[in-house]
Amino acid sequence: MTPDMSVEVGGLRLRSPVLAASGTFGYGTEVPLLERRALGGMVSKGIFLQPRQGTPPPRIVETPGGMLNAIGLQGPGADALVRDYAPRWAEWDFPVLVNINGESAAEYAELAVRLDRVPGIAGFEINISCPNVEQGGLYFGNDPRAAAAVTEAVRKRTKLPVWVKLTPMVSDIGVIARAVESAGADALCAINTFVGMSIDLNSYRPRLSFRTGGLSGPAIRPLAVHLAHQAARAVRIPVVGLGGIACAEDALEFLVAGCTAVQVGTATFVNPRAIAEVHDGIAAHLEAKGFNSLADLPRYLPRD
Amino acid sequence: MTPDMSVEVGGLRLRSPVLAASGTFGYGTEVPLLERRALGGMVSKGIFLQPRQGTPPPRIVETPGGMLNAIGLQGPGADALVRDYAPRWAEWDFPVLVNINGESAAEYAELAVRLDRVPGIAGFEINISCPNVEQGGLYFGNDPRAAAAVTEAVRKRTKLPVWVKLTPMVSDIGVIARAVESAGADALCAINTFVGMSIDLNSYRPRLSFRTGGLSGPAIRPLAVHLAHQAARAVRIPVVGLGGIACAEDALEFLVAGCTAVQVGTATFVNPRAIAEVHDGIAAHLEAKGFNSLADLPRYLPRD
Amino acid sequence: MFLFDAALTGKRQVARGMFVLGFRAPEIAHAVRAGQFVNLGWSPGPVLRRPFSVYRADGETIEVVLKAVGAGTAQLLGMKPGDRVSCLGPLGRGFEISGSRALAGRAQGAVILLSGGLGVAPMPLAARDARSAAAHVTWVHGARTAVELCSEADGDKIIWATDDGSRGFHGTAVAAAPDADLVLACGPNRMLAAVAERWPDAQVAVETYMGCGTGICLGCAVPLKRGGYDRACTEGPVYRAADVDWAALPAHLPYAVGE
Amino acid sequence: MFLFDAALTGKRQVARGMFVLGFRAPEIAHAVRAGQFVNLGWSPGPVLRRPFSVYRADGETIEVVLKAVGAGTAQLLGMKPGDRVSCLGPLGRGFEISGSRALAGRAQGAVILLSGGLGVAPMPLAARDARSAAAHVTWVHGARTAVELCSEADGDKIIWATDDGSRGFHGTAVAAAPDADLVLACGPNRMLAAVAERWPDAQVAVETYMGCGTGICLGCAVPLKRGGYDRACTEGPVYRAADVDWAALPAHLPYAVGE
C-alpha cells in the first residue's frame, strides 16, 4: 500500500508534502509539467506590484555545493500575472501560491488586495527578504516588528492562506517566527537564501553585477535544517522547510526536524525530475519503515 | 623576483598573510611543521581557563561542500597550555595567537591575565561565538554590547595584540565589528562557523551528539567573503578573512574583498599542504599580474 | 525536451586543447536543430549542469566540442568511453536557416558561417541545414593562431583567419569574411558585437551563464537593445545581432578561450 | 607520514560486494604496521578524506579492502587502473604484536585474529607480523552469511562463523573463538564491545568518523573508561579493549555493513 502523503499546511490540503520553491519553477508554464501527482503545490516566482526588469548579467555564479543568484525579482507585475498566468493556474489540480514582494508594508498590502479572490491564486507566500525602503533598506525579515507589520498588512486584506518566508540572516529566527505567527501567518517557510559574494580575480570586482547574491543549493542544507527546526520549535503553525533539498533523504531531514512540508528549489535546475524523485523517495522510506502515512514519521522536536 | 608577502595585522608583522585557523591546526605540535616559510602565524585551538573534556562522539559529520563539527572546545585549560605548549611556541619563528573562550566577560579577562606575558604567546584571538552563561546562553557575538564588553575586558588586561573573531549568525556584522573596534580590538577575524544540523534517518535524531554543529569548509566561502567584506567596510582596523579557503584563488577573494590576511581552516584537514599551496599561489598570482608586493593587489572596498 | 543518461562513445582532437566528445543520444540526435544545445550533468561533478552546443548529430549519436576552461570541462575531457552523463536537451531556439527571410526566394543564397575559437560548435549542423536549403556555404573560422584552428571546418568555401597571421587571413574572422545573404555567427561575445556592427541582421549564438537551461531561473539574462532582458536558454541562444545590447552583455565568458 | 598521489593498480573481489583495491605507494608499503591506516582523497569527490586500514603491503603496493557503503566508497570502487587518489599515511598506532607483553617470553604464543565483516581489513598484516613473531595464528572470521565472508582469510588455522549458520560456526565470531595469549580484533564497534567482555586485554581497532586523520581536528573522539576522550587517529585506532567506554562509542558505523 502506498503511504498517505497528504498534508494540511496553513489552510491548504496538499496531496504531497513536496512543493516547488519560488523562483525555481517560473510560473509553472515554462517546462512541461510531468509527474504532477508528485507536486503538492507551487510557489510562483516573486512578484512586485509593478513590472521589474531585474538586474544586469551576470546574475548567477556557481559556488562549492551551491550557487549565488541576483535575479533582482524580474517579473511582469501584478496585472500581467492576473491576466497571463492565474487563468492557467485555475485549471491545475494543485494549489499555486504567489510569492509577494514590496518595498513597504503598504505595497505588500496593495498587492494582496490586487491578487485576492483571483481564481487560480490559492494563497500568498510573503517574501520578507526584501529591503524596507522606508527604513533605510534594512530587510523586513531581520526585524520582528517590520516582519510582523508586513504580515499583518497582508493578513488584513485577504482570507486566503498567508505563508511567510523567513530570511536566514538573523541571530534568532525564533523571535521572527513568533512575531509573524502572532501577526496572523498561517504557515512559515524556512528559509530563503543567504547573502554571499564571489570575487572575480581578473577584474578584481564581484562576479555578480549586483555584487552580492543569494546562496542556495546543497551547501546551505545543514544551516536550513537547523533554522527550520528552530522555527518549528518556536511556533505552533506549520513550517515548510527548504534550502538545499536535492533528494528524498534531504527532505526527510527537514520533515523529521519538525517541518510539515518541504519545497524544492535549486535542485529543479539541475534535475527536472527532482520533485518527483523527492516525493517517491519519501514514500519509499515510509513504506520501508512500515509507516502508513507521513503523519507517522517520527519527529525530533523538543519544545523550547 | 618573489613578491613581498609580508603584512602588518593588528600589532603583528607577519611574513606571510596566511595563518592557520583555530581548531584546525591543534597546538602546532601534532603534525611535523613542514614549509614554515609559508605560515604567517598560527591560532591555537580554543582554550578555556579550566580543562574541558569536549562533547561525546559523533563530533563531526560531512555535508555538501563542508562539515559540521561540535568538538565542544575540548582542551587542557590555561595552566597546561602555559606549561606544555607555550615554551615550544617561544622557539618558533612565527607568532602564535591563543584563541580564548569564556562563559562571562570576567572569565575571558582572567584568561588574558593568566596568559599575558607568557613567552611564546604573541597575542589573543577572542572567540565571541560562545554562549554567555550570565545572559541565558545568548552568544556574546550576537550582541554588540556583550561583544564589546568581552573585548574591553581582555583589552584592559594585556598589551598584546587583541583580535576578535566574529560570528556570522548576525543580521548586520558591521554593527558588531564597529562595537568591538571601539572597545579596543586590534584586528577582526571573520568568520567563525555557522550553526547547522544534520538528521540521521535511522535514529530520527541529530547525527551529532551535541545536536548542532558549526559548518565550515568551501560551502560557506561565498557567505564568509561577503561577511568579511562587510566587516572590512565597517571598520579601520585590519580584517583577517576566513571561511572555506582551500586554494590561493579562494584566499585572493578575501584579500580583494578588503582583508589584510587570511586563515586556512578545514582545508588543512583534507590537504596538509594547503597553507603552503595558498601562500605560493598568492605569490604566483601577484607575480603573474606584475605586482611587487601584496600591498599592490587591487582591493574592492567601497566605503560605507 | 529529453532527459536521460548518455554514454560517452568516443573522443577526438580537432585543435590544440580542443576535443570532440560523442554521446549516445538518439532522441536528441533526431530532434536537434543547428544552434540548439544540451545541458550536461554528472556526479561527482559540478552542482550545475554545463551547456554545450550540439556540434554534430548522426543517427544515434550527438557530438559536442570543448576545451578545458574550468573544472567541469576538465572532468568531461577526463571521461572514458562508456562513462555516462545526464543529458538534457535539445534546448533553446536554434538558427533560422531554411525558413529565414534572408534566403527566401533565392535559388542559391549565400550563407556565411562565422566562428571564432570554440564558436565552431554549432557550425557543422548549420552547414548541414544551409546546404539542405540549397545555399552556398562559406565558413570563416578564426582563432588566435594556426594550431588553435578547428581542423574540421566544412563548407563550399573555407576561409581561415588568425590573429597572428600564422594561417590564412591575418586578422579577425569578421574582417576576413565577404558579404552574404545570411550570416550565422558564434564566438566570443566581443566578436559577436563586431558582427552586429557589420551585419545587423546576422544571427548570432551568444553565451551566458546558465542556471537551468530550461527557462525557469532567469539566470541567463541577455540585455536587449529595446530594454529589458530575455533568456538565452529559451528565447536564445540565437539572436538577431542588432537586437542585443552588446555593451551590457558580459564579454569574458569562455568561448573567448582559444580566440 | 607521507602525502602523494597513488595510482590504482588493480581490483579484485573477495566477498559479495567486497573488493580489494591496490595502489602504488612504495613509501607506505615499506613503513606501514598492522592496524595503521591511510586517508584517501580524490577530486571530484567528497570534501573529507576517507580512512581505510592497510590490508596488505607488498614491495611497491598497498591494498585496502572495502564495500560501497556511501558515495565515497562507491566512487573508489568505480575507479579504473591508472586513476589516482591522494594518499596520506601511514596513520595511527597499529597493533602491538612482536613487542606485546602477551607474547613476551613465549616460544610460540597463540594469537587470535578476530574479524567481523570488513573488520578483515587490518588482519593480513597482523597475520604477517604475528607469524614473524613466531606465533601460532588462528583467524576467526565472521559475517552475516557465507557469501559475505572474505575469501582471503589466512592463518595456521581458520575458523569461519556466520550469523545464519550458512558456513562454519553458527553464531558470532566472538562466540566461535577459542582463547589465546593475544587477541587482535576488528569489526563493528558492538562486536568489539563483546570482545572487551571476554578478553579485556584484547587489542581492538575501533572505527570513528574522522575529520583529518592527523590529530588536529579532535573529531575522532574515543570515549575512555577512565574518563575523557582521545583520538582514534593518533592514540588509536587500536586500543586495549577494556580501556574503551563502549556504551559511549557510536555503534552504527559502516564496518557494521556486511556483519
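Every chain is named by a letter (A, B, C and D) in the order it is written, and numbering of its residues begins at 1.
Assume a contact is a pair of C-beta atoms (placed from the backbone, for glycine too) under 8 Å apart; a residue touches a chain by one contact, two chains touch by 3 or more.
All values reported here derive from a predicted model rather than from experimental measurement.
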item	value
Given chain A and chain B, the chains that contact each of them	none
Farthest chain (mean CA position) relative to chain A	D
Chain C-chain D separation of Cα centroids, rounded to whole Å	53
Inter-centroid spacing, chain C versus chain A (mean Cα positions, whole Å)	36
Rounded Å distance between chain A and chain D, as computed from the means of their C-alpha atoms	46
Shared interface positions of chain A, touching two or more other chains	63, 65-66, 217-218
Two or more partner chains touched - positions in chain D	none
Pairwise touch network: line, ring, star, complete, or other	ring
Pairwise chain contacts under the document criterion	A-B, A-C, B-D, C-D
Residues of chain A defined as touching chain C within the complex	23-26, 30-32, 45, 53-63, 65-67, 69, 71, 74, 200, 202-203, 217-218, 266, 268-273
Chain C partner contacts - residues on chain D that touch it in the complex	44-45, 71, 75, 80
Touching residues (chain side chain A, partner chain B) in the complex	63-66, 68, 139, 142, 169-172, 194-199, 201, 204-206, 212-213, 215, 217-223, 225-226, 229, 244, 249, 252-253, 256-257, 285, 297-300
Residue numbers on chain C that touch chain A, as the complex places them	1, 3, 41, 46-49, 86, 88, 208-223, 227-229, 234, 248-250, 252
